[in-house]
């Protein structure tokens, strides 16, 4: 049985107190995994509702690229994936004890994450300008006129006569994803500050690993959302 | 409330006797506009006139009140919904109000005396009336059954309140002028009333004989409008001399 | 009627037989389980109460007992489930509506039932239909199929005497059928909270003998046509 | 697992306590204080929920008669004391919401999850003490919001605790604007608290068990809380997602549940009950756990069939996810789905039956001590049987056609939630009260309270079965509108009178609870002669719980073990090797 004479000396990535064998991972990491399970269920509720609504009313949706600007979002998706790469780099640097690289990659992740959110805000702006809001098409704006005319629109079929479900699901799903990225960026800034204070060592870099888990999860959710919201 | 209800009941019985006689409930004559309580310009002038109806009045729908024995007992014979009430070519229950012509920026203070709407015999009384912005509307229930009164305005804040027992009173106000705010009861879908919310006190409702009178006006030329729940609106221009009376006759035809 | 009875109130539709039988079957099964468990519990409490000289039978359990009391409830509920499934399909199954059922459509709104009867053409949806508020008239001994929808919120069509309950959902048209067996008047109430007037959302169901129904139908067509 | 000859010196966990008052009792990270905070808050909500129940009962027993003392209520709720239909629907809604989310759920999970998990598994505190503190202080604003809703214009939410859309999604249908939004926001905030809490419980149980506390040495209360936490973790986010969509429908004009542009009212029901059925088990599983602990203690016997009890818990936790459709048999859902949901629902009766028979098996051959917690635990078993059996009626789809949305359902759910959960809570509070406050509750008052509660409880809820069988609908303001319900007026009044007496009986509990806190007899470390780890540390335990990490050598319920003769119980920390002349053989189960 391992005896730790002093809390500060021991490897904090081991269980904090003498205990029966648990999950084999340190508590913060286990906690994050469990928290992410909860997040999975949250997005399941949103995505599941979207799929049910969409399957039962197939004519309520626009084709890809009619309303949403897929190329811009594809680039944005690539940006977000890059941030996962920089996150992995930051973790590797932390595990190596390479402080300079840790700071560099963390800052990069923060910036790229913020860029993603910025592009999403820009996208929302454009959509609202064209007339798509959570409640559907805004009367008098471009999209509402196009939907009312019943004519083919932007290389696709005619727009659905009501954009209600389209706007509802689009903004709710992408909005909550964006909210999660924003929260991630805020936490990441906090972690970056701690990195600049030299709080992460080769033996104890729990914060970096835990935020990394969250970050990859948010990325993964986006890839699913991008596929089902933008591409189909 | 209890003091009033016998009279209203009598009124309702009268209504029920002759289909074209009464205008429903306590709506005896034109609802007098509340005395102006200062602020905006007033005067001794008035507009009087008659709301007419030409042609054959449409038959009013009958109401099957069999499920509400307590209400049915307040009526006799076939109960009809007094939507269009015409007496000898005169149209009752038209809301007449000054639409324009008052000095710009004139403001009028609402009186604190409430306007009363009663629910009696499962009908609203009065059926059409006016109220000033901020003036209390007292809603009464003289029936031993549940009524809920739901206002479905476009400019004002709506309300939906219930009065499960006889004798209940509730007060509400409106804060924006609106012609007209429909009032309805979700329990008895035949029950409808309309209230005109005004920023000034110059309005009236045509009585049994179609007559109306708007008093207290300063001299000037006014556009007045008559609104009827089924027949739409008619407008007229009236000039009121200082201290004198202008007259107007507004004629509705059968609904288009 | 004895308010403390475990019997179901009188019924007036063809569903009642099956539903009531199932109810009584479950009542008997659960009644036996109830008595066995409660009596056993009380008996144990008396027999094994703490008193001088009592020695405890130290045990961690018995696999045999576990198997028995897993198997018996499983078999019982599966049997109840199979019996129920059959009856359920006869009542609510999509294919269960009899061919010659009389069509009626019902619109539920806060806080009324609007019943639309077919005109002389015998089907609902034509211009000869007529609508009556809060009154459902049906002939005895003939299946009636109702197409139900709601204008605003969810309501529930509930005639206890017919043992029929069906939510009425805005945006959906739900079909439900029944066949009345006893002429008379019954009450139709809303069973799904639909707002402050929910409790007042009541209508009368009148079951007529066929000739009386035809007579009623003629009169109703005339009076509603006059409106 | 190694057997250790003597308790091993390990690193020190309890440190000198030099925290300030605020750190110690207000913004405390100590799981025991947080548990007590949850206890006080949820007992307060239990009272509010109970008062709402009195309002409901008054209206049903004496329709349109002024509520005694009702004139203190504002004109928008009860003018002249006469309860308005809109206030009645609000009261029905908030009684359900408050009891489920702010009373029973925090009482079971918030209070005892916090208090018991570290103490029973031998941990110094939760895995994340600060997140634990946050989970309480997030619940507080949620509670304040929920209460505030009563005082806003338009009144509180009135679409039922299930908030079926579209009634809940558009203020036009209820006249309630702010109240419904507050309801939504409060539940979203409370959901965050629950998720933080359950994440903590799960991590703690997995990673912080004391040496020797293997999975199958966990007391059933901890197993139950563990399974419950998993259900909370996975179910609450579904509710949050659904409530967010509901809120958006109202505030942002989205169309998820509004049919005008293709939204689906039934989608709300599917989401709500996909959350809601696991929630039902969240509200009963911990109670089953506490009752198992108390019954074994009272019977002075190991729990009968420990392993099958654990598997039954797991089975209920698993099956709970595939039965939600049984709330929707009459909803217009495809009837074929109804049949499959019926089968899964029927099957869930099996693990429940296993638990009941195992409890009886535990009593069989025991030496039963009738202390107050034991009485409540026995009442739980008896009442849960009734609630479980009445569930079979509505599981049968054809019978459900008749009894759906009637008082039969009300009777059933109260037999489970009051007869079940609340009796277990009374039992658990009295059982662990000495550990929480270091004092004993008065047993005489406790017994009087138990008897009165048990009698009046049954007088209130048992006749509701009959109301339901006569077709009495739920949530109706005035049953006398219906001719077929008129003969039930007397029964309704009888229930109302019993309900008021039931409520009054709870004053005894409140008195006992408060007075014992200050005046109660000082509690020894192990007043009930129990085997659990929490009884090896003083009452109340110090910050850090034990001077040294306890080591576990025994299964949880070793009462009257043949291996010890000196006393009739063998604490989990007791090594048989430490007792002269004993060997560990045979004790390991």
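Descriptive notes on the structure:
Letters are used for the chains, namely A, B, C and D, taken in the order the chains are written, and counting of residues starts over at 1 for each.
By definition in this document, contacts are C-beta pairs under 8 Å (C-beta built on N, C-alpha and C of every residue); 3 or more make two chains touch, one makes a residue touch a chain.
Please read these numbers as outputs of a predicted model, since none were measured by experiment.
Averaging Cα coordinates per chain and for the whole protein, the chain whose average falls nearest the overall one is D.
Greatest centre-to-centre distance from chain B is found for A, with centres as Cα means. Two chain pairs are in question, B-D and A-D; the one with more C-beta pairs in contact is A-D. With centres defined as mean CA coordinates, chain B is found 59 Å away from chain A. With centres set at the average Cα position, the gap from chain B to chain D is 55 Å. Chain A and chain C have CA centres that are 48 Å apart.
Centre to centre, using the average C-alpha position, chain A and chain D are separated by 35 Å. Among the residues of chain C, those touching two or more other chains are numbered 110, 195-197, 200, 202.
In chain B, the residues that reach two or more other chains under the touch definition are 146, 148, 160, 162. For chain A, the set of residues that touch two or more other chains is empty. You'll find the chains touch as A-D, B-C, B-D, C-D.
Note for the complex: chain B touches chain D at residues 146, 148, 150, 158-165, 168-170.
Those residues of chain D lying in contact with chain C across their complex are 84-86, 88-89, 92, 158-160, 164, 166-167, 173-175, 259-260, 262-266, 299-302, 304-308, 330-332, 334-336, 338-339, 342-343, 346-347, 349-350, 353-354, 356-358, 360-361, 363-370, 378, 381-382, 385-386, 389-390, 392-393, 395-399, 401-402, 404-406, 463, 466-467, 469-471, 473-479, 481-484, 487-488, 490-491, 559-562, 568, 589.
Of all residues in chain D, only 8, 10-11, 13, 123-124, 127-128, 131, 195, 198-200, 202-203, 206-214, 233-238, 240-242, 244-245, 248-249, 252-256, 260-264, 267, 270-271, 549, 552 touch chain A in the complex they form.
Within the complex formed with chain D, the residues of chain C that make contact are 1, 3-9, 15, 18-19, 22-23, 26-27, 29-30, 33-34, 37-38, 40-41, 44-45, 48-50, 54-62, 65-66, 69-70, 73-74, 77-78, 80-81, 84-85, 87-89, 91-94, 110, 152-154, 156, 158, 160-161, 163-172, 174, 187, 189-200, 202.
Every residue of chain B that touches chain C in the complex is listed here, in rising order: 61-62, 64, 67, 146, 148, 160, 162, 186-187, 189.
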